[in-house]
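The two complexes that follow have chain A in common; it is paired with chain B in the first and with chain C in the second.
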Partner chain A sequence: MTRYLFRQIGLLLVTLWLLTLLTYGLGHWFPGEFITNSSGIFPDDIRYEDIVEQRAGDAGILSQYIAYLQHLFSGQWGVSLLDGEPVFEQLQLRFGATLEVALLAFLLALIPGIPLGVLAALYFRKPVDHTILTISLSGYSIPVFWFAQIAILVIAVHWGMVPISGQINPLYDIPPRTGSILLDIMLAQPSYLAAALHNALLHMVLPVSILAVMPMMLIIRLTRNAMLDVLQQNYITAGYAKGLSTARVIWSHAIPNAMQQLLRQLGALISLLITNTMIVEVIFSWPGLGSWLVRSIYERDYPVIQGGLLVIAALILIVSIILNLFHAWRYPQVRKDLYGTP
Partner chain B sequence: MLLDIRNLTISRDTPTGRVQVLERVNLQINEGEIHTLVGESGSGKSLIARAIMGFLSSNWHIQADRLWFEEHDLLTLTASQRRHIIGVDIAMIFQDAKSYLDPNLTVGEQLGEAVLDQDLSGRWLQRRKQRKERVIQLLHRVGIKNHESMMTSYAHELSEGAAQKIMIASAIAHRPKLLIADEPTSTMEPATRQQIYRLLAQFHARYGMSILLISQDLGAIMKETERLSMIYSGQLMETGPTRALLDKPHHPYTEALLNTSLYRQSQREPRSRLPTLAGTEPSLQHLPIGCRLGPRCANARPKCVQTPELSKLRDRAFACHYPLNLEEKE
Partner chain C sequence: MARPNLYYEERSPAPLEMVWLEFRSKPLAMAALYILLLISLLVLIGPLLTPYEPNQQFIDAISLPPAWSTAGDIRFLLGTDELGRDMVTRLIYGARYSFGLPLLVVMSAALIGIGLGAAAAMTVGVKSSTLKHLLDVLMSIPSLLLALIIIAILGPGLFNAMLAIGLVLIPQFLHVTRNAVHDEQKRAYVTASRLNGVSQLYLLFTVIFPNIIKVLVVQFTIGLSIAILDIAALGFLRLGAQAPTPEWGSMLAQSLEVAYVSPWVMALPGLALFLTLVSVNLVGETLRVAIQRQLER
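And now, the complex of A and B:
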């Protein structure tokens, strides 16, 4: 396990390093000037001379890259070209907001997704299976942006059950600290705590549930396939041969092994989830990374694009490495043939 | 009679119609008997075992005049009733034992599952402790001394022989009346095979447990085996006491198998050709009518297109119109 751990961490570090090369390169490849692209300071600014000095603007590529890394690690990620806000501080806030919806949506997808998938596999080719498959196929085929807008139109506008967009009603004066609204409310401890939480949750219902739909449908299908595969295995037969009850065989042999297969495939789901989070954030004006990045791409806000790209890529990377490590730690038999595969 | 199977027919739907993979097979096993079922791969011998255990999926059709285990008619039992009987009185071990162990549970956990609840007493914690003791005891019985490290091992860390011992330990946990061993040693080296056979023979002697051993090789059967049944392409060819059957086979198939085996090695000329059966075993799509050995049999005659009935002769039985070694019949 230790060897595997080091391998995976090594893989992570190398990939992250390549990522910094890419973002550094972007500063050069974007139209315009390197110093402006990476720091957000225009040449007519009085600070410009100092910035060129600090970022080694006149030196060779290597010392420039080293200066870039130094800035990266000290949290000086430049300022936005648009509003002069420091990118790193903004990122921290928005990262929290994104993580909040993404995590909640993921949980919401897992909790009904796995039992439904198991159920479908147990009733293979019976009406229950067909119903679950039909629902999951249709859920999977509906585009998120369309679904979100219809949901806003019907549930928020027409029925008025939940707010249309945003994170919380601005009347609740919650100072942003982590970006995650629930955490912020708990940290602020206002006198109207319950009311604020209620309002924040109402705002969250639509984006989170819409975001959960597609991963849930995928999880249903993945779980079903994994279960069908596991139920064919010899050790299931052996369980029956021992005289165990069907429920016991499924609970202690089939489901754990199916979960192992599912876990392996969850990594691929993360990037889908993050992409969808971006779309949903834009539609619901959720102050997260996604909406910010999309805006920065429209406005050619290069420092923001660089920072956001780095964070999202690193996030997906780290999550998949953690999944890999967890997989190897929990399921010892895969360790021996896992060496070297990413 | 422990197990009584009469005219067991197992068929399967294929694109070209229903095929009788197993045709009217008889098998009787007495209490405390070791019975070996010999047949080539694909002859349907594992199907018999799976039909007894109830492992066949719904696309197999089972018919039988009798499929009884003790006083239970297995065909009329529901799946859960059957599981109840099987879990206690019948156990099965398999070829490729490793794949029958759950890869995500330790050996100790899996063996613990096989321990019957009625063997334990007391409160939860006490039961837990007893279960563990019982597992250690089982491991010792199958000749595994280092129980501590074995109990925390996973299937992928075991050798094929060790995995089979674990399967045996789990099978004898209930002290079953019948143990079905489906080619338990076919992937093992001869030395390991002898170890496994010795274990089986030992439990047979100690508990009086009957064993149905399924083997594809006459040369690799247990020397303790009391009765042999030869099966070819889904038909029972011959059955009888081992000694008599090997000395004077009545059926040409047994004769042919013996000719290729080590039993008759001394009778063969040095460097002579091995007298094998001509041709290959028929595929399920092209099963011959009548006696399925017909096209390959040296003394086949026109009458062989009718399936021969099983003729009984004292404690032996054979299905052949023109049996060998039957001087007294003429």
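And now, the complex of A and C:
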């Protein structure tokens, strides 16, 4: 395990290093000047001379890159070209908001997803299985941006059950600290705590449930395939031969082993979740990383693009490495394959 | 192909043929295949069928509902949008951008990716598992995010979006091909051919390729589904196809302002996109299951 741990951490460091190379390179590849692109300070600004000196604008590529890394680690990620807001502080706020919806949607997808998948596998090639499979395949194919629009039109506008967009009604004065609205309300402890929480939750219902649909459909299919695989194994037959009840075999032998396979494929799920989070944030004007990144691309706000890409990509890399590590730690039998060549 | 059965020998169908037989026994999957064929037909001869031009405006018919509602007009079967453009015409033209172009992109990405992957597997190169793990980790970054990076450099536009999706898909094809060829090389029949002294090219094209084509077909449908969804998503985010283009994603983006007044303008492009995606995914999933069942046999 130690060997595997070091190997994965090494892998993580290498990929993160490649990522910083990429974002550093972006500063040069974007149209315009490197210093302006990575710091957000225009050449006619009085601070420009200092910034050039700090970021080694006239020096060679290597010292420029080292200066870039130094700025990166000290949290000076430049300012936005549009509104002059410091990128790093904005990122912290928006990171919380994104993580909040993504995590909640993930939980919401997991809770019905796994039982439905197990159910489909138990009724393999029966009407129940066909129904669940058809729903999951067609649900997986709904374009999330269209689905979100329909939901807004029907549930929010036509029925008026929930608000259309945003995080919370701006009448509630909640100072943003973590970016996650529920945490912020709990931290602020206003006198209207219950009302604020209720309002925030209402705003959250639609984005979170729409975001949960596609991952849920994927989880159903992954769970079903994993269960089918496990149910064919010898130890299941052995369990029945020992005289265990069906419930006992399913609960203590089939499901834990199916989870092992599911966990290995969660990486695909994470990338699906992040992609959809970006789109859903744009539609619901959720103040998260995704909507910020997309807006910065057509406004050509280069420091923001660099920062946003770095954070989202790093988040995905770190989560997938953590998943790998957890998988290897929880299920020692898979470590052998992961070592690669003996 | 009918073949007279002169001898009492059992003719076992070719691997691909067996997959097809399995596939044909699924009515839903066949329906999906027919839908895809219909859409492909629309892509090819769409302009011959449509009565109007995609950007032709009818000032007397702005935001007309579909023909079967009381306010509808039979000239415009599915209604018109807020600028008085015929929805049927735009949807049929949109098939070119939302299905035809992704198909082209995936085909070229497959050609390049499979070529490079096969070359990488056949030549003895860097086979360290670290490189493989590195690729695995890098490929966990979602395709839309990679496409966003490329568009951030090149700028928004339909061509740049296509280029970005193509560049994102190439490594996936490369990875799948390389792994598939690698797995086949350990099989006995490959060793047997090698002992017969065949050349590397013959080994690749005649011996290994017929056996991995199934995996590649499945990967092709996955890639197609990704490409259709991502090009539409980029169009929706206004980073891909731009305003008057009748691409389904950008049609959805334009319909946002009028979604409450004329919901059909929003519902129809999304429905078209949904039907296309369901068909592609259904065909892909059925193929995958058919191949898996054949392997188990």
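The definition used in the following text is that the second predicted complex is superposed on the first by the 339 of 342 C-alpha atoms of A that agree within 3 Å, B and C clash if a C-alpha of one lies under 4 Å from a C-alpha of the other, contacts with A are read in each partner's own complex, and residues count from 1 in each chain.
The rule is short, and it goes like this: a contact is a pair of C-beta atoms (placed from the backbone, for glycine too) under 8 Å apart; a residue touches a chain by one contact, two chains touch by 3 or more.
On a predicted model such as this, the values are computed, not experimentally measured, just so you know.
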| item | value |
| --- | --- |
| Superposed partners chain B and chain C on chain A - clash or fit | fit |
| Winner by number of chain A residues touched, once chain B and chain C are compared | C |
| Cα-centre angle that chain B and chain C span when viewed from chain A, reported as a multiple of 10 degrees | 70 |
| Chain B versus chain C as contact partner of A:146, first or second or both or neither | second |
| Which of chain B and chain C A:275 touches, first, second, both or neither | second |
| Contacts of A:242 with chain B and chain C, given as first, second, both or neither | first |
| Which of chain B and chain C A:48 touches, first, second, both or neither | neither |
| Which superposed partner A:14 touches (first chain B, second chain C, both, neither) | second |
| Which of chain B and chain C A:123 touches, first, second, both or neither | neither |
| First, second, both or neither for A:65, with chain B first and chain C second | neither |
| Contacts of A:172 with chain B and chain C, given as first, second, both or neither | neither |
| Gap in Å between nearest CA atoms once chain C and chain B share a frame through chain A | 10 |
| In the complex, chain A residues that touch chain B | 233-235, 237-246, 248, 252-253, 256-257, 260, 331-333, 336 |
| Footprint of chain A on chain B - complex, ascending | 53, 55, 79-80, 83-84, 86-88, 91-92, 94, 96, 99-105, 113-114, 154-156, 167, 170-171, 174 |
| Parts of chain A lying in touch with chain C, wherever the complex brings them together | 7, 11-12, 14-15, 18, 22, 26, 29-30, 134, 137-138, 140-143, 145-147, 149-150, 153, 157, 267-268, 270-272, 274-275, 278-279, 282, 293-294, 297-298, 305, 309, 312-313, 316-317, 320-321, 339-341 |
| Footprint of chain A on chain C - complex, ascending | 28, 129-130, 132-134, 137-138, 140-145, 148-149, 151-153, 156, 225, 229, 232-233, 236-239, 249, 252, 256, 259-260, 263, 266-267, 269-270, 273-274, 277-278, 280-282, 285 |
